[in-house]
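Letters are used for the chains, namely A, B and C, taken in the order the chains are written, and counting of residues starts over at 1 for each.
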Amino acid sequence: MSIAVRQVTKRFDSSFVAVDNVSLAIASGSLTALLGPSGSGKSTLLRIIAGLETPDEGRVSILGEDVTRIPPQKREVGFVFQHYAAFKHMTVRDNVGFGLKIRKRPKAGIRATVDDLLGLVQLDGLADRYPGQLSGGQRQRMALARALAVEPKVLLLDEPFGALDARVRKELRAWLRRLHEEVHVTTVLVTHDQEEAMDVADRVTVMNEGRIEQSGKPRDLYEHPANEFVMSFVGPVNRLGEEWIRPHDLELRLEPNGTTSEAMIQRIVHLGFEVRVELVLDDGRHVSAQVTRREVEELELLEGQIIYVRPSRTTVFA
Amino acid sequence: MPARTGASRRAGGLVLGLSTAYLTLIVLIPIAAVVAASFEGGLSAFWDEVTSPGAVAALKLTFVASLLVVLVNAVTGTLIAWVLVRDDFRGKGVVNAVIDLPFALPTIVAGLTLLAVYGPGSPLGVDVAYTRAAVVLALLFVTLPFVVRAVQPVLVELDREMEEAAASLGARPLTTFRRIILPNLMPAVLSGAALSFGKAVGEFGAVVLISGNIPFDTEVASVNIFKSIESGEQAAAAAVSVVLLVLSFVVLAAADVLERRSRRHDA
Amino acid sequence: MRSSAGSRYALRTLALGYLLLLLVLPCSMIVYSTFRDGLAPVWEALTDPSFVSALELTLIAVGIAVPVNTIFGVMCAIALVRRPPKHGAWLVNSMIGLPLALSPVVVGLALVLVYGQDGWLGSWFEESGIQIIFSTPGIVLATIFVTLPFVVREVIPVLREVGTDQDEAARTLGASRFQTFRRITLPAIRWGVAYGVVLTTARALGEYGAVAVVSGRIAGKTETLTLHVDEEYLRFNEVAAFTTSLVLAVLAVLTLVAMNAFKPKEYKEVADVDRRPPSHETV
């Protein structure tokens, strides 16, 4: 196990419990996402692994070594911040080479390593610029290169794409996955964006209010959520009483057949290939179904139309 | 903006005009008088006054003492600002308020009390009265707040994540301070240092009691000017004043350039 | 980043030690030296007519300089921020900053050269029978000169930050220029003005060098409190000198309290030791 977190608790101001008795194991070479809403404790947990916060209880080990009392300088972790934390008074080259410089590596060696890394993150040619002259996406890639330069045992990313706009975010997401395949450093990524977590990670750990709700492969979390929180956080969901239904599990028919309920189409929203159909049931409850464009055309669905719906699959939590 | 009527335009111009007139009367004319008086006997007379042994000695002492004070303040001011921003202890609020005491306390009172503590009859047994050390001491007192107050807001705003990034990359606290924090504090330190220098070269009240004003020894430029005025040698006084003025401006301009150069990395 | 407890204590001790030796000790000496020989000499010093007239003169100088420079300060700040002049803004700003850069004795010299008997304007005043130098008007003028910048410099950034939106809204709602100024602009800048007034008052009370040149030091007539301190010390009346100093120091402390109350936020210290994660970092 690359990282082992054992029964870690962290409080702030003696009353607010940010991380509540959390235990977690992260496999070597994997890319794990810590997913959860604001205040769930995921960033604090990440910072505890990095040594930027000290837990009040519990232990942290990296590669078998107990690092709980060891300061961040000595843990050999790479950390990437949401707002880049670029050394704004240094050039890109000096930023990336910083870790090597303070380890007193020879100058020629540093130069070569930095150039390699800049090539890896596709920032060649920008080595002599200052962070202030780069775009957000470029700054974040620089931050990644900087963290990787010292060959860390683990790579920790705290909402690395949070400050970037949507399109750049998606590009960098894919790019991070490719980088991980190439470099294979154990990576932990904190995010509140479930799409990002599912897209990028081998394993996802969902956190809420300082506790872990569920850990597993993205597909497992989606198809077999442990509780309502995970189900509703990891994807869109309809709730009808005790039953939880995914929008794509709602079948639409033009004729009733005894197992269907009547509903009126309130709105049809075309989101590219997928279409969301917002419905009102006869008892006034609102649900939405997700269908393909072809289905909409074949069934000739229109707003205001009465149709019949039936869940093909529901989930109930004890 | 809503359309400006002719009357409102005139009113606005009037306010600016009045302000400029006030400034001209109160500030510009008197300063012009000083410059004029210094060159009254022509360039050669000016040069004679400025190079007279007494004036040279006073100016040298003033310049060296002020420079020394600035260097000390750069260090102690940053240290104090650091402790006020990054540390926490009972009574910190009071300490923070006390920093401004040299701004609020009359300079003559400052000089008197420094004399009481560090002069003859000192409770600490330390007597530096009538020495050059006394000059430096007095100047340290009156320039204390400048670097502290310049650095404090910058330190508060400093991106802590840069320091955390440095730590995660393996930098120990001292390295982080030297390579990350200090470069980002430099503009503020320089700014505070320049203000310190300006205050120090012109300081009169704090120095006049404790230094003894011994010509060629502990007489600073401002005292030299004062003595010239008292003996009716207005041209001599004006000449040395002009030198002080030029010195202040050169330092302020240099500090401005340095500050702007260090700020070029701000996104 | 938290530095070790050891280094924190070391830095704290160094900083506080420096402040103790340089600031605290001397200021405590004022109190000690004042009451060293008991209360009687103190009372004598306070009731001495030269002290009383020095107090009066100081209060007159403050009482004139502060309102005059406040009005000028607000007016000038508004002129510079709302209608910046196309050319020569640098000159205006330099003139405003000049009193801060000048040695007080140079200020005194400048005033003597202009308003003294042989001065540029002095001879004109002389004929009208008004004496400026070596008299009260000179002292008031010196005080006005050295306290000129404070209100302007404090109001300008506040005015910039407040912006014109509120004023524009008021105008569209029908307020006249004066109404807008009185009801919208002035309240918006009041803390900047207050802080500037406090700084102005402190400086006016404490001015020494400029008035030393300009006053002629006729005890009972042209002495301010600061000059009185000097005078009594030179006459070996130490208790009187320290008593006057104590009065000034008490006023200084009151000023400090006022300064702290009105100070712009950036200077208030921030406790860092056990901080919560800042709001922009999601927890």
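Definition applied: a residue touches a chain if its C-beta (ideal position, glycine included) is under 8 Å from a C-beta of that chain, and two chains touch if they have at least 3 such contacts.
Just so it is clear, the structure is predicted and the values come from calculations on it, not from any experiment.
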{"item": "Pair of chains joined by the greatest number of C-beta pairs in contact", "value": "B-C"}
{"item": "From chain A, the most remote chain by mean C-alpha position", "value": "C"}
{"item": "Averaged-CA centre spacing for the pair chain B and chain A, given as whole angstrom", "value": "53"}
{"item": "Distance between chain centroids, defined by C-alpha means - chain B, chain C (Å)", "value": "16"}
{"item": "Averaged-CA centre spacing for the pair chain C and chain A, given as whole angstrom", "value": "56"}
{"item": "Sequence positions of chain C contacting 2 or more other chains", "value": "1"}
{"item": "Chain A: positions in contact with at least two other chains", "value": "52, 83"}
{"item": "Chain B residues counted as touching two or more neighbouring chains", "value": "164, 166-167"}
{"item": "Chain B - residues contacting chain C, complex", "value": "1-2, 8, 11-13, 15-16, 18-20, 22-24, 26-31, 33-34, 36-37, 76, 79-80, 82-89, 92-93, 95-110, 112-114, 116-118, 123-124, 140-141, 144, 149, 152-153, 156, 160, 163-164, 166-167, 173, 176, 198, 201-205, 208-209, 221-223, 225-226, 229, 234, 237-238, 241, 244-245, 248-249, 252"}
{"item": "Complex interface listing, chain B residues touching chain A", "value": "159, 161-162, 164-172, 175, 179-180, 183-184, 262, 265-267"}
{"item": "Chain B-facing residues of chain A, complex", "value": "50-52, 71-79, 81, 83, 85-89, 98-99, 102-103, 130-132, 143, 146-147, 150"}
{"item": "Complex interface listing, chain C residues touching chain B", "value": "1, 3-4, 7-8, 11-12, 14-16, 18-19, 22-27, 29-30, 33, 72, 75-76, 78-80, 82-83, 85, 92, 95-96, 98-114, 119-121, 141, 144-145, 148, 164, 168, 171-172, 177, 199, 202, 205-209, 212-213, 225-227, 229-230, 233, 241-242, 245, 248-249, 252-253, 255-257, 259-260, 266-273"}
